[in-house]
Structures are given as C-alpha cells and as structure tokens.
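By written order: A, B, C, D and E. Residues from 1 in each chain.
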Amino acid sequence: MGFLLETVIGGLMAGMLYSLIALGFVLIFKASGVFNFAQGAMVLFAALAMARFAEWIPGLLGVQSKLLANLLAFGGAMLVMVAVAWAIERLVLGRLVNQEGITLLMATLGITYFLDGFGQTLFGSDIYKIDIGMPKDPMFLMESVFQGGVLVNKEDLYAAGIAALLVLALTMFFQYTGTGRALRAVADDHQAAQSIGIPLNRIWVIVWSIAGFVALVAGIIWGSKLGVQFSLSLVALKALPVVILGGLTSVPGAIIGGLIIGVGEKVSEVYVGQHIGGGIEIWFAYVLVLFVLLVRPQGLFGEKIIDRV
Amino acid sequence: QAKEQFFPLLVYRTGPYAPNGTPWANGKQDYIKLINARDGGINGVKIAFEECETGYATDKGVECYERLKGKTNTLFDPQSTGITFALTDKAPGDKIPLITLGYGLSASQDGNVFKWNFPLMGSYWTGADVLIQHLGKKEGGLDKLKGKKIALVYHDSPFGKEPIPLLQERSKMHGFDLQLIPVTAPGVEQKAAWLQVRQSRPDFVLLWGWGVMNSTALKEAQATGYPRDKMYGVWWAGAEPDVKDVGEGAKGYNALNLNTSGQSPKVIQDILKFVHGKGQGTGPKDEVGSVLYTRGLIIQMLGVEAVRRAQERFGKGKVMTSEQVRWGLENLALDQKKLDALGFAGVMRPLSTSCQDHMGSSWVRVHTWDGAKWSFSSDWYQADEQILKPMVKAAADKYAADKKLTRREASDCGS
Amino acid sequence: MSSSSGRTVGEIVLDVRNISLRFGGVKALTDISFDVREHEVRSIIGPNGAGKSSMLNCINGVYTPQEGRITFRGQTFGHMNSRQVAEMGVARTFQNLALFKGMSVLDNIMSGRNLRMKSNLFQQAFRNPWWSRADREEIEHREVVERIIDFLEIQAYRKVPVGRLPYGLQKRVDLGRALAMEPQVLLLDEPMAGMNLEEKQDMSRFILDVNDEYGTTIVLIEHDMGVVMDISDRVVVLDYGRKIGDGTPAEVRSNPEVISAYLGTSH
Amino acid sequence: MSNILLNVNGIEVIYNHVILVLKGVSLQVPEGGVVALLGGNGAGKTTTLRAVSNLLAGERGEVTKGSIELRGTRIEKMTPAEMVRRGVVQVMEGRHCFAHLTIEENLLTGAYTRTDGKAAVARTLEKVYGYFPRLKTRRGSQAAYTSGGEQQMCAIGRALMAEPKMVLLDEPSMGLAPQIVEEVFEIVRDLNQKERTTFLLAEQNTNMALRYADYGYILENGRIVMDGEAKSLRENEDVKEFYLGMGGGGDDRRSFREVKSYKRRKRWLA
Amino acid sequence: MIYRENGQFKTSYGADQQIFPIGQDRASILLLLAFAFVGVPLLADEYLMRAILIPFLILALAALGLNVLVGYCGQISLGTGAFMAVGAYAAYNLQARIDGLPLLLALLGGGAVSTVVGVLFGIPSLRIKGLYLAVATLAAQFFVDWAALRLKWVTNDSSSGSVSVANLQAFGIPIASPEQKYLFCLALVTLFALLVKNLVRSHIGREWMAIRDMDVAAAVIGIRPVYAKLTAFAVSSFIVGVAGALWAFVHLGSWEPAAFSIDRSFQLLFMVIIGGLGSIMGAFFGAAFIVVLPIVLDSLPYWFGIPIDTALASHLTFMIFGGLIVFFLIVEPHGIARLWSTAKEKLRLWPFPH
C-alpha cells in the first residue's frame, strides 16, 4: 500500500515534469496553430545557454555568489531565447503566413536541426551541469504508517510547484486578456487575423518568447536532474502523449494530461511491466491516449474539432 | 598501391552519446598522431585516418563503413554494438577485420566461426562473469550468493541484453535471483525502473548502461535512496562523464574497468609531449588520460600492433592489406615486456590472440568513485573459462548453423 | 397534378414529417413537415439562421434529427447514413463550398461518379490502356463528366485545382459534382450566392434544364427572391426553425406572416 | 475627383509566380466615397482588394507592377496590420470567422487595434448588435456552428468593430437574406454619411451596389473595362443588359424562367 | 520552346488519361528509367550503390507507401517505422520457418502481415483526426518496438534481439552484389510506383483525396469513410511493409528493432512532406532530400579537402540541412514536387512569361 502510494506520487511528479514540456507545445499551438516540433531543441538550447553562462559568468564578470551567477545566467539565457524567437519569426514563420499546419510543422523540423547544430557549436556537446541548489536526496513521509515510509523526491516536488505556477499564470493569460483572445484568433485563421489588424509578427515573437521561457524553465529543471547534454532534447518525446491527452489547445490539459500519463506509466510499468518483460511504459502511455481519444477525439480538454458543412 | 596505412575512424561526437564518444575518439586519434610524430609511423609506414560521424546510429554507421571501406587497408572499430551487428555480416565479404574491444557479440570470441571479429580484452559475457565473481568474493564466497537478489538495469538494446544469458547461467549455478529491468534508450526516464528497484530492494544492482543512461541511473538511485556502493557498472558505465555531474551523489559507485586512468603512464606522457605539446592534440588537454580516452588509446594501439605484427610476417615497412592485418590481429602477442616498451605498463594486462581465441585475455578490475575521482578497489580478474567456453561454443555453433557457415579448418589458420 | 407554372409534377418523392433538430439549447428545427413531388422545383426560404441548411443536412444524413422521419420513395427512415441517402439518388451542393480543394475540377466532378464505379482495388492497381475494366470504366464515366463540364462551361478549367478558382466558378463545380451523380433529387444550398445577375440567369437555366431534361427533382435554398419566385413550383418558408408558410410562389408572397418575417415590403 | 484617399495605379498581380491575374488595374477612391467594383466571377475583384489590404502574401500572390497609395503614401510593402492601424480594414470574401471563438469573441477581436478603452469598445459592440440583432442572440455560440448568413454578419460586424476609416467589403451581400442585404447597405450609407467612412466594395449584386455607390468600376478579366458615376453606369445599355438583367431597353427585369440561352455571354474583352 | 503541350491534341479520353499525357514527359521518364536500369549500374561505384542508392530506393518506396496514407488520404501516421518493422520481421519469420520460401514471396508476405497490422491500427482513424491521429499511431510504433524486443518468437529466439538473413536470391539469381541488390530494389520500386500511380488516378484515389479534403462532403456523395480510410491504411502499410522487409533483407542484412525506431517514422513523414504530399514524384524527391542531402553535406569538407573537425562538420551539416528545409518550404510550401511542376509551368511559358 505504501509502495503503491509511492509509485503514484512518483508518477505524479514525473507527470508534472512532462507537463512542463507539454506546456511549450500547447502555447505555440494555441497561439499560432503550429505544432512546434522544435520544442525539444529549444529546451536543450535554453539549458545549454543557461549551463554555459553559469559556468562562464563567474570567470568573466568576477561574480562570486552562485545565486547571482545563476540569476545572471538565467537572464542571459532568456535574452538568447528572445533572440531565437525573433529570428524564427523573421526568417521562418513570417514567410509562411497562411500555410497549412503540416507545412509549418515541417518548418519547425528545420528549426530543430538548426538549433541542435547551432546550440552544440556554440556551447559544446559535452555534458554540463546546472546547479541551482535543488535538493537531491529523498525524503520519507509517513514512516509511522508504512514500513520504510513513503519516499518523495524533494527536487521533483519543487519542480512540480514551479510547473503548477507557470500553468496558472498562462491559463489566466489566455483566458482573460485581449491578447490571449487575439492569439487564439491567429491560431484559427492567419489571414482573417491579419485582416483585422492583428500583427502576426509581433504576436509570434511574443508567443515564441514565452515558449522560450517555458523551455528555459523546463531545461533548467530537467537539466539539473539529468545534466545538460543532447538527450535533453529527447524528453520532448515524452511530452507528446501528454499534449494529446490533455488536448492540443488546453493549458490546464497539459497539466492534467501530464499527471495522468505520469501515474499511468509508472503504475503500469511497476505493476504490469515487470511480469511481461518490462519496458512497457511508453507504449502504455500511448495506448492509454489512444483509448481516451476514441472517446474524446480532441483530448480531454481540447477544443472540439469542428467539422461542418 | 597505397603508401599509408589507412585507419577509418567511426566515431560519435554528436548526439546523445557524444560526451562518452568524444574522449574515446580523441584517444584513437591522438595515438595515431603520436605514432606518426614520435616513431614516424609503423616501421616507417605513416598512418592516415579519416573520421566519420555515426551518431551511434546503426544506419549511419553502415553508411560510414561503406564510405570508408574502399579506402581502408586496415580495420574498423565501430564503437557500437548495434553497428557491429550490422557489420559482422558485411566484413567477411569485404575482407576487413573488426575490433570490438569490450563490446560486440560475445560469441565472436570464437575465431573459428567469426573469422573477422575481434572482441579483444573482453566481452559482455566476461564482464558479467567477473562482476558475479566479484560480488561472490565480497560476500565471502560464491555460495553466499544463494538467495540473494541481483537486479540488472540495462540499456534496452542488443548491447544491454548481451550479458543476460551469462547471468542466467550464473544464477542457476549459485541460486541467486536475477531481476531484469530494461531502460528504454537513451535512458533519460528511469523513474519506473528505480521504483522497481526500491520495491524489490535487490542486494546488488548491475548497471549495463551507456551515455546519459548512466548518470541518470545514478541520480535516480540517489533520489530513491538506493545505496550507490551496491551498484556495479559494466566498463562502459564507469567513466568520468557518467559521474561528473552527479559528483558526491555517485560516491561509492563501482564499475568495471579494462584500463587505468590518469596521466602517469608513459604513453600518456608521450602524448602530452609529442602531440599536445606541439599543439596537435585532438581534444582538451585535461581529458588526456581519462578512462575512455585511455581506452581509445588501447584500441588504437592494438590496431597499430596488429599492423606491426603483420609486417613481421608479410614484410617490414610495407603497407599491409586488411587481410594481412587480420592475420596480425589473430596473432597478437603482447607480453608485459612489449607493453612496457609501448608505454602501456600498468595500463593493461598482457594479451595474446589465436586462431581460436579472438579475445586474447579478459583481465579486468573494479574501480570505485569517491566523489571526485576513480580508484581501483579490486584486484585483476579473468572470466571463468569453464562457464564461458561452452557458452561461446554453443552460440557460435548456432550462428554458424543459421548462416550455413562451416568452422574454419586448422589449415586456414596460417593464412 | 399540376403546379402553378402549369407543368406536370408527379408523386411525392420526399416526405418530411415532424422533424425537430436541436443543438444543445439551439432549436434549429421544430416540427417541420413538408413534401416534395417528383419533377418539381421546391424552394426553401427564410431568414438567416432559420434552419434551411440544417433541413438539407437532415435529409442527406449529415445531421440526425431528434424527432421525426423522412420518407423517400416510400422508404422511411429516422436515421440513415449519407452513403445510403446517396445511393437512393439524392445529391447535394453546399452553402460553404465543400469542394475537394486539392483536386482538379475534373477529379472533383469525376468523384461524383464514384458510386457507379465498380472495378476493384486490383483492377485499378493493374489498369492499363489495353485490357482493363478499370480503364474502360474510367473512360465511360469521363464521357458523362465531360458533358457536364460542357454544360457548365468550365472546359478551360478542367485541370485546374479547384482551390485556385474564383468563388463563383467553385460554386459551379460544386453543382457539377452533384449533377455527376445523376440524382433523382438534387438539393441546392444557395447555389447563386456570389454571382452576378448574368451568372444567376445562367445558373437558373442550368437548374431548369436539369429539371426538364432529366426530370430531376430540385430542392433549392436561395435568398434571391427574384430567382425563387420565378423558377420554383412551391415554396416552404422557415423562420426560427418553424414553418411559417408553404405554397406556390404567389401564395407565399401574399402570406402576411411571411412578409413580416422575411420578405419585408420591398419585394 | 477631389481628395483621393486610395489610388491604385496600374497594378499587376501574379499568383504562385506564374498566374497573371490583374493586368494593369487602376482605380481611385475619394475620401468619404462609396466606390463599387463590379465584374463577373474570376474578374479579379477579390484580388484587387487583397492587393490593397496587403493580404496577397498569404495566397502566394504578389504585386509585380504599379503602385498603390493611401493618402499619397506608398503602401505595397506594409503589413496588413499596419494597414488596419491606418484605418483600412477588409471584410474577406467567404466569411473567415474564427471558428473556435464565440460570436462575441470574434467581434471583440475586431477591436484589437483600438486603444480608446473598454467602454468605447463596448459601445461599438452594442452598435454592431444593434445592426445585427441576430448576432446578439447567437453571441455565445462558436462561430463555426452558426449559419452561413450569421457568419457573414459576424465578419462584417467584426470589421466595423475596428471603427475603420476605410472598409474594403468583398461581397457583403453573399448569403444574406434580402432584408439583411438591404440592412447592410443601409449601414454602409449610414456610416458613410455620419462618420465619413470610405467604402470600396466588390459586389455581384450590381443593382444594389449601384444604388448605394457614388462611383463604379467594372472589372473583367483583370482589366477595368468601364468606369463612371453610379448613376450613369445604371443608365448604360450594356450594364443594364448584363449586370442588371433588363432586357432590350425595357425597364422590366426579365424573368429567370424566360432567359432562354445561357450561351450568349458577351464581354467587353475576350 | 522545347517543352510544349500545345499542339498535342488528345483525340480520346483514353489518351488524355495516360500517366504522362505530355509527350516530352513520357520520353524523359523513359530515358530516366533506361538510365536507372542500365546507366547507373555501369557508372556507379559500390559506395554509391550500397550506401546511397539502395537506401534511397527503399526509403523512397516506404515514402511512397506513406504518401498514399498521408498525402492522398490525409491521415497522418507516425507508425511507419512500426509497419516497416512488421514487414521485416514477418518476412524474416516466413523465411526462417518455411523452408525454401522464395524471397519475393517472403517479402510480399511481410507486406501482407503489415497490411493486417496497418488496418488494425488504422481503425482509430475513423474517429481520430490530424495530429491527434498522428500521435495515436505512435502507439503502434512503440508497441511494435517493444514486441520485437520482448516477444521471443518474433526474433526466432535470438537472445540479443538481433536477427539476420543470408544468401538472398530471386528466380534463382543471387542477390548479393551491389548491382544485383540495386536492380532488385529498382525493379520493385518501379513496379510499386506504377501501381500506386494507377490507384491514385482511379476512383479509389479520388475517394482517398475526397476524404482528405473534405470528409463530410465525401460522405454525402456516397464515399464510405471507413472503406476509403482502411483501404488507404491497407495499401500504405502493404507497401511500407515490403519496404521494411527490403530494408532489412537487402540493405541491412542483419538488424535489431532500433532499425525501425520512431526516428524512422519521423524521417519518413518528413520525406513525404518536403517531397510533396500527394505526389508520386514527391516520395522520390523527399527521400533524396532527407537521405542523400545530409550525406552529401557531410562529405563536402572531404571532397574539397578542407580539414574540419568532425563534430563541427556534423553540427554544420545539421544547421545547413535545417536551413535548407526552411528555405525550400518558403520557396514552395507544398513541397519539392510542386516546385518542380511550377518550374515546368514556367518552362512552358518561356520565353514569354504570362
């Protein structure tokens, strides 16, 4: 019983981390109708920038305090992400207005390759460290109730808290501001949005910058867990079922999707996987998604797919 | 005819495995540079090389092989078990030998079936065997393993699965429980695996990982409170990149090692002098002498020595063909004296190959991470021939039957 | 029986009884009944959002009404899928252009013949100009389609992807696709929206010709009262999902409820 | 004409690098005028409007020759958003509502460029609801689930929410019930007279358009074939016959049933 | 002036329905085929064949299959790698378990099994659309990956999960040398390209496209979405399965599940998009772009003798490749095949544009 609880908690935490990445996908999709394949590459790029800046800054600027160095590095990395957003709008999206989703998806693949190459050229392809002082050791709760207690990971707990905050803020933004509404309009119809004066270029820079910010936060959290190196870009894959389960257009969906997938994965792996050879968590997540989609084709919280004559 | 001995270098300096692939590749390259700079080549034959980036991807590796096989007159080191599997079928046709030091197909030790494969110094079976021996020793005898629980956390690929048959064999012999926990490549998400570890609380965890999987495993072990000193990695899970950013958290973690690390050996000093000293170094200077770098040196050294051995038979100072190099690999005789002369004193143990045995020796030690550096914590082991031999033979026979190959005749050994 | 225009019309082909359709709180149709007789031009008019398009959607199985039933040539159904309706000979054009955007004009219209094409997957895969059922079939149907293309005067655009055509021509292709089905009943949803007068005259002509030559029964939704009054035999008037009038153009025109809800005074 | 607001000067438009659609179109719209752009299907009306509002890029079209000036400044290189900030808004043909947004959200997005505060926007919203009461009853439903005519009203209303100086209306009457059509044209007249809003409208409903416009251009095959005061166009014999449907001089509209031959198209240019 | 369709009047619909109605096109495709079958084997060296042309052909075949599904029927799939794997492992099992089964039958058998699996995983497409469907098909991808690693009988009890085949032959001719392999693949690819072309220009092709473009309207004209979608899945996964078997048998010789990983699925999807959705040529262009271009970029420094660090070179390759993808999309969002046809259109107008 204690162990089940532990598995569930572990799953919830893992799910929260997936959500963090899923959030980036949802943001961009919701605001421009682009499925941003480059989200993983952006996470890596941001994390690399952060890690290397934090490493360089003490030497370059003579900053002693680790906190200050980290803050400066964060600021620097954020600037880099804004620059990336700006360049993407200028060079890619701005020239692909009103094209179909699949074309835009393909363009983000181009961006992925570019960012992967560019990031590693700039920052190197070794393994780097982000140390923002996250606690690494486990803590044990309810030791009196269960034998051995229930293990909870403090690092994950912080990460989950940060993710929850981000989601809350972004949900508010989309639901309650005029800009949020404009973003949703852009996603529906680029041309009509233009025709009523929504400046696509500015909107896109903003959205991609926000996505860059989310990527940076995800990159820091994942990076401090895994170390910063190329594989970080692959965690994006883990976020795919989450985005789809929650619905491509729903910010809260990203969180709830993450939690469900996280728990589903871990519980299935630990309780079922063991007996059939293991390694089932990935496909289990996708099969779970598949069944949910059969009932709700737009995901749990996604906007209904409109199809009318 | 070519005037140089050409070494194609399949490497990966990008992608998920770059942090581990890079020092290895640098070691290989620096050794070639050393031979050219210090000795003027192999008995005067200069060495040429060309790198090809595989990204640890099999199809890319095959492309590299095809690209470079026309140029080479020496051998390939695929740097990946997956690529090795793919090349094992191609190499005999092209008559190019493969060195797979410490990786590849364990059965390919049997030179009578695998004429072109050379899993020098050890295979995953020998590695697994030694680990069990070591655990037995720690517990005070192999019979003490009875009833113990050993978990294998492995990279879910042919590489990670290789040790399983041997471990199963050993588990039958000693009566320990073997728990298999696969980790999907590249291994960034291991929470479920470590929850299972926490659930079953094995006495030991064997870690068969590569690249980011290793550091992630250590971090997850820390996060779930599994004692690191109960964890034993294969020799691909015991280098600096695996523990560097875990630091203190990996303290007590053990892994096999086929070679020493550190800058004291003579060959390393020579590299610092002849290669880095002249500004010719391939990677950063402080990486020279690290675990994987040194392993790269060894691999390259064995290749060079195979050429030298071949020259002894087919003509000193001549450029060898890859068939001749194969003979050289099959007749390596590196005794302590030779190793000392080469500057590898203490770095590795002697090794000599033969027509039947393409491995040469399986000497290996365990080293332990103390939070800042690796240091040896065991004596040298070799795999138990009694267990290994029949398994290799059976597997090689099955392979031969599948491929409709016949074992080499004794007469074939001379060529 | 004869209609106002003096032409003979036949039996009831389509009988709509007590149809009600709701979307959540929106009552799109409430208890609608009317019939359509063979060979007549039957119009549905009414203000925007009255439920005209929804009515057509019910008839050809896109929407399932919550209540009521529809009888087609004596066969009654509450729910039927689009395929079955198509097989019974009902074709349809759309208000919001529902063409196959990526296909050429020719392919769009050819797709209207699909129901009649019988060659199987293998015959199609291995088709060839020398001996092949698929090829022969393709040519036979192409002839029919070419007649429609001539009829609609869109020869010049045959191979153009429809997405690139101006709005008005797209509407014609839409009609062409429906005609290619050689339907017994043709449902037209605002076929003349976005056309100028000359083009509307042409379109009226097309419709009447189809009606005359092939005896196709027409159900027409249109906002241009000139067209409706001139070419229809009988008119149904909907308002807010209810039927407020039904009869010959003359009757409808003088129905006070219809005047206040829809026609206003100017027409 | 006095005080020219929009001056289109000999533009050529090419789609997809190969399809030449406008072959030198010139037209002027005076400040505070209502100008109609007439012509058959495929004449190039929509293309002309897109060229003015700079929406061509999204259709992979491009102005290759000529110039477009708004109050004397060249505008070909501007973004559509800049055009809107300068007060030029286009109502796109074929509705183009934001499918997932509700009717009210659609209308509110129309006010995106406005900076005069929530209250002012709310007033305009009420005004639009006043014009189209049907929208008010459907305000909470997603645009995609409204009827064709409701969507058309929504598109027009959305453009009005920007309180534009100049509106480019592409087939506003399409799909609207007759009294609403009348209503739309009344709105045009109303705004034109009360707020001096300028209109350039592409219309197929020639009769209506010429009743409400001051001036008209007739476009066929990518060229302007005739232009003049609305009144004089209405008197023109050709216009009468081909666009207003009045047979051979008589003032009576010919019945649709009686039009005999449909293969009799006469155009100014082949 | 040479490239003209004017003056080539068609006197029958049959003539107008040919695959290449324009004479010059017909001639050039015949020339191209002749060159591919005769010229290439004479000219190309072993590296070109083994490392570039053979993978190019096989992946083009897979892309062709995927294009049926994505390009023509509009169902985005990310399970292509899985269907290739099913084809490969099924063919392997057929060959290993049935003695003396001819290679061609094994390959087609692989395709047939893949068809079954494809249709099974295609069933959700009746409800799920677009990106949602794409991600749902990943279920197939990961499940098959897993099954190949875990289910012992799939790999005929190979402990490492890696299997291999040897001594291929068709009609008594061995398929061993690069030329033989190349010709074998080329023949199959040509055949399948022809069959697919036939399908897409027949009524089933129109059904697929109708479903892709506007499914409600398609239903109203009597097209059954179930039938159209499932046939597309079937045809597509058959071809993809055969391609998978070829990839395993002819190109790799020995393989592990990783050969058909999710990367392959993405790679193939990207091929059909950049090549041109709904175009036979597109599959080939896409395969060339995605398979051949990176290799060429990778080799450039060596060809020009510029000594460049391997890591830097491959990062640059990434960057240039990414840049080129974006560049081509901006020039023509509908893929290279469309660019090609626009170019032809221009050529037709040349020297008098418009």
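Here is the rule we go by: a residue touches a chain if its C-beta (ideal position, glycine included) is under 8 Å from a C-beta of that chain, and two chains touch if they have at least 3 such contacts.
From a predicted model like this one, the values you see are computed outputs, not experimental measurements.
Here the chain-to-chain distance from chain C to chain D, counted in touching steps, is 1.
Touching chain B and chain D at once are the following chains: A, E. Each chain gets a centre from the mean of its Cα atoms; the one farthest from the centre of chain C is B. Legend note: the chain whose CA centroid lies nearest the centroid of all displayed protein CA atoms is E.
Centre-to-centre, using mean CA coordinates, chain C is 41 Å away from chain E. Measuring from the averaged C-alpha position of chain D to that of chain E gives a distance of 46 Å.
The geometric centre of chain A is 37 Å away from that of chain B, both derived from CA atoms.
The residues of chain A that reach two or more other chains are 120, 125, 277-279, 282, 308-309, listed in rising order. Multi-chain contact residues of chain B (touching two or more other chains): 13-14, 18, 22, 156, 182. In chain D, the residues that touch at least two other chains are 145.
Listed in rising order, the residues of chain C touching chain E in the complex are 60-62, 81-83, 85-87, 91-92, 94, 98-103, 107, 110-115, 117, 119, 121, 124-127, 129, 134-135, 138-139, 142-143, 146, 177-178, 181.
Residues of chain B that touch chain E in their complex: 11, 13-14, 18, 22, 25, 50-53, 55, 57-59, 62-63, 66-67, 69-70, 82, 85-86, 88-90, 105, 156-158, 161-162, 164-165, 182, 185, 402-404. Of all the residues in chain D, the ones that touch chain A in their complex are 53, 55, 57-59, 79-85, 89-92, 96-101, 105-106, 108-110, 112-113, 142, 144-145, 155, 158-159, 161-162. The residues of chain C lying in touch with chain D in their complex are 5, 23, 26, 46-50, 52-54, 95-97, 153, 164-169, 190, 193-202, 204-206, 208, 223-227, 230-231, 262-264, 266-267.
Chain contact summary for the complex, chain E toward chain B: residues 45-47, 50-52, 55, 149, 159-162, 164, 166-167, 251-256, 258-259, 263, 295, 298-299, 302, 310-311, 313-315, 318.
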